[in-house]
């Protein structure tokens, strides 16, 4: 069974999507470690190390995602998580912005998969299977 | 008392505005000759000649105004109504078009005043006073 | 004199020959009745208007339909496909242009040519007669939803022949509703006879086992029409249609503005259409209702227009109308773009879907309004039957002549034009000037009392100024007009 | 242990000294209480939130207010002016950014600087504490409508000091409603104490003859919250505020989706807030209601979003809410542009204006829902009083600890998180898993029966899958979630 870390980064308290992600990924055969809302980059990294996770799925809904996610890849590298997959989704920037540009910004920061608003976790299952298996 | 001809041109049956125009102009001291809906250019011109009117206020709501109003000025001239004021208002073209352009088209056809959708007859009283008095 | 009697088949076929000669497209071989029966039988259920309505009625949901029509075929098809796909329309229309409505096919032809030349539609609708069976069939084959002609044509006989032969399975209109609001001085006898023909055609297909839908045009002038007046016309037209053999009828009502009155009107309309059909001996007619989003002057601001559209959708859903005709944010300007049209549809769809499992709670106020409307309709229909000496066709003609039935703001000279409507303090449409309207004393007293309440609360007189304020009110963002000091 | 007791003035002033030290802007001379009393007294009636609400309530109309806030002062002013002028907002907000909400003023400062550098707002709101009295006063002086801070701040003491000193005459929030949905593990005792301080500040001004408005935050997590749960929290927070001397309270409720249940919730909320205030001895508190347009996940399509917004406005108007908080067509994407925000306002305004003279008819269904909600609220408040041994402040803390009160989907670890809501077949929000919720047997049986009806009609099991389907439903364009086969 593959392990994934999920949680909501920064000062963000949007809990509904997080609870659904937990339920859906578990139903689909993943070992889900949910660190919940208001989580720091360190919380994600520590959980990933402790549980030897294959992927970190960061949610950011409240608009500060761009600030909260900076240097996440570098910190993973530093912690020895060079191969961990980094996903981010929700409403990751402030306002309605052109998504191709937003995606580029986050990919440049080292994220493997970047999701626009409106993508349900169900829609990302195929990617997860492709990237880390079940 | 000044006399004005009002009516709705062409195959147009929009009667509500016409009834209000009749009421409002009468209330404001004009001698209103209302030839009603489904009126031809000839109907307007004959009424104007018969009553020695100072202005013809054409309504066109249904979208065919551009076709129905062609050569109206020329026909007035031909009938000896060189000095009559020609107004047109309502929804005089098909669809939501740039009004500056529409206005130009109708002015080129010889109309003195051209009104966009949403102008109430009350809003045109000042022009009428300016052009023909009360 | 016109009578409410089914046209004998031979007579119908005789008239038909003349009708088909009205314009060259009438001599198309596909207009052979056996041919068109075959074609109509091939229409799949999901593209048959009548059957899709039956299905929706069984499910208790509200389906949506836009207005749409442009001069050129390909542009028209593109428009309909867009509304089907992006707008998620359930039913498709072809709104017919005004020249065709007045049987001015030569003007329409010029309009088509000029539109081709300028590359944009100069007609305000789709000239179906000029495009003929080939063109209309192409439209039918290019879409996946049932098609209906929507117009305002006093004499729609040739038009109706062409659209049904092209597998369009519904037709809007009626001898009264497509005359009084749409013409100036065409005889009511004539238009009733024309529409008996249109209904007889549908009745003919029905006899061949093909169920087509007919929709009397409900909103009339769309402007402060008291529900009992439009409901009466709808019921009379249903009776006339049923006599000619029509079995699938959708009666219409245009939003008045007050939620309770509108739901009451829809409920009363459906119940009384059914009960009068039975009373007059038409047993197996399937009746549904259509609600028209606000038919009067629209606000200019697009967001305000969308608010009005969504509010209308709430009313339709709570009133359990089976169909709703939508408007757009361009309404106050002109014929909408396809984008604006689709937006209106999507907003409408969202609301009817959200409300699909809800209906208006039964309440005393609702019950009272239903009873009131029914009582008024009974008054009016009684008058029609009385002056028609039992025949509703000649009765309605006489009733209009005497002003016993009277439609506010109608252009027709056959209409007395004596009544004046205005809103009461809750926005319900009442009447302040009755002319010769066949309302009894009790009903009149009720209307005046309601307007008196408003007069007191607004500290003004009951007068025509109320009516004018009310006509402007909705486009200014209110329901009940305010007096200017 | 926290108690529902008015903070003595000296104690308040002592704490105040510390509060003002939390960030440099706290030492602004205008924060001197005598100074701010003077300034607040100069606020004209039309810019005083409390008085404008009184006026609207007297007229029986629904006023509208957007959400809006950006990082930089001038941009924020421009935004508010635009919403006032183009959107015709009646009340203006300043939505506070998330760093400020968590008292991370240094992060907020960085956000302001970065926003200045990039020329666009990187914060999701207006960092009022960092901008201080000068900045906030400038905002107040640049607009013509009353101003309110809207946030989600567990410890909003400094923020509240600054905004009131800047003549903002209303403040949203409460010790429970700005903790449970907005925090993970901040003690409820602490946040109640913080908000007693905020209310005491308002009580202080009231003693000086200045009426300010306070608004407990109604919708909680905005996601399938059963009305009785959010109403209970609103009532408790009203009691806590009244104890500190607040006299003008607006209780809030977030749209649930079913028209009748929503109107019932508004009616029950107003009636029970008033009656519990009286029961607990607070006699002269003026109570109004605020309705929040749909607070859950929005549809992506702009036209659908507008449909939802307009439908919500219909509910608010029929439910006679005195205020409505609006949403926009950008909701599902991110903080809206000012244009999108103004559009949402205009649509909303159109609908509430159209409906200003109408209210929902009295019906058995409505009566039943009102009674049901009241009964449930009585259950819950009874539990609070019982575990608090008569004190509602300590009672609510204990009630949350024991799960006697439980908010669905809340991020807070202080919340039991055991209940699961789902819709019945008409879309009314019911409960399928009660955890330890203080509902009696009769109430539980009612909920289960209602869900059983849905299960039968939808041919499925009562399970968490219902809840999940319902969470997604509205953004997919339905109210009652459908089971996927």
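Of note:
Going by the order they are written in, the chains are A, B, C and D; count residues from 1 in each one.
Everything that follows uses one rule, which is that a contact is a pair of C-beta atoms (placed from the backbone, for glycine too) under 8 Å apart; a residue touches a chain by one contact, two chains touch by 3 or more.
Bear in mind the structure is a predicted one, so any value in this text is a computation, not a measurement.
If you average the Cα atoms of chain C and of chain D, the two centres end up 45 Å apart. Rounded to a whole number, the gap between the C-alpha centres of chain B and chain C is 30 angstrom. Note on chain placement: the centre of chain B and the centre of chain D lie 54 Å apart, centres being C-alpha means.
In chain D, no residue touches two or more other chains. Viewed as a network of touching protein chains, the structure reduces to a simple linear path.
The chain pairs satisfying the stated touch condition come to A-D, B-C, C-D.
Across the complex, chain D meets chain C through its residues 257-260, 299, 301-304, 306-311, 313-314, 318, 342-351, 353-358, 361-366, 425-427, 474, 477-480.
For chain D in complex with chain A, the touching residues are 98-99, 101-102, 104, 107, 111, 114, 120-124, 152, 181-184, 221, 223, 296-297, 300, 330, 332-337, 340, 409-411, 464, 468, 471-472, 475.
Within the complex formed with chain D, the residues of chain A that make contact are 10-16, 19-20, 23, 36-38, 62-64, 66-67, 91, 93-97, 117-118, 120.
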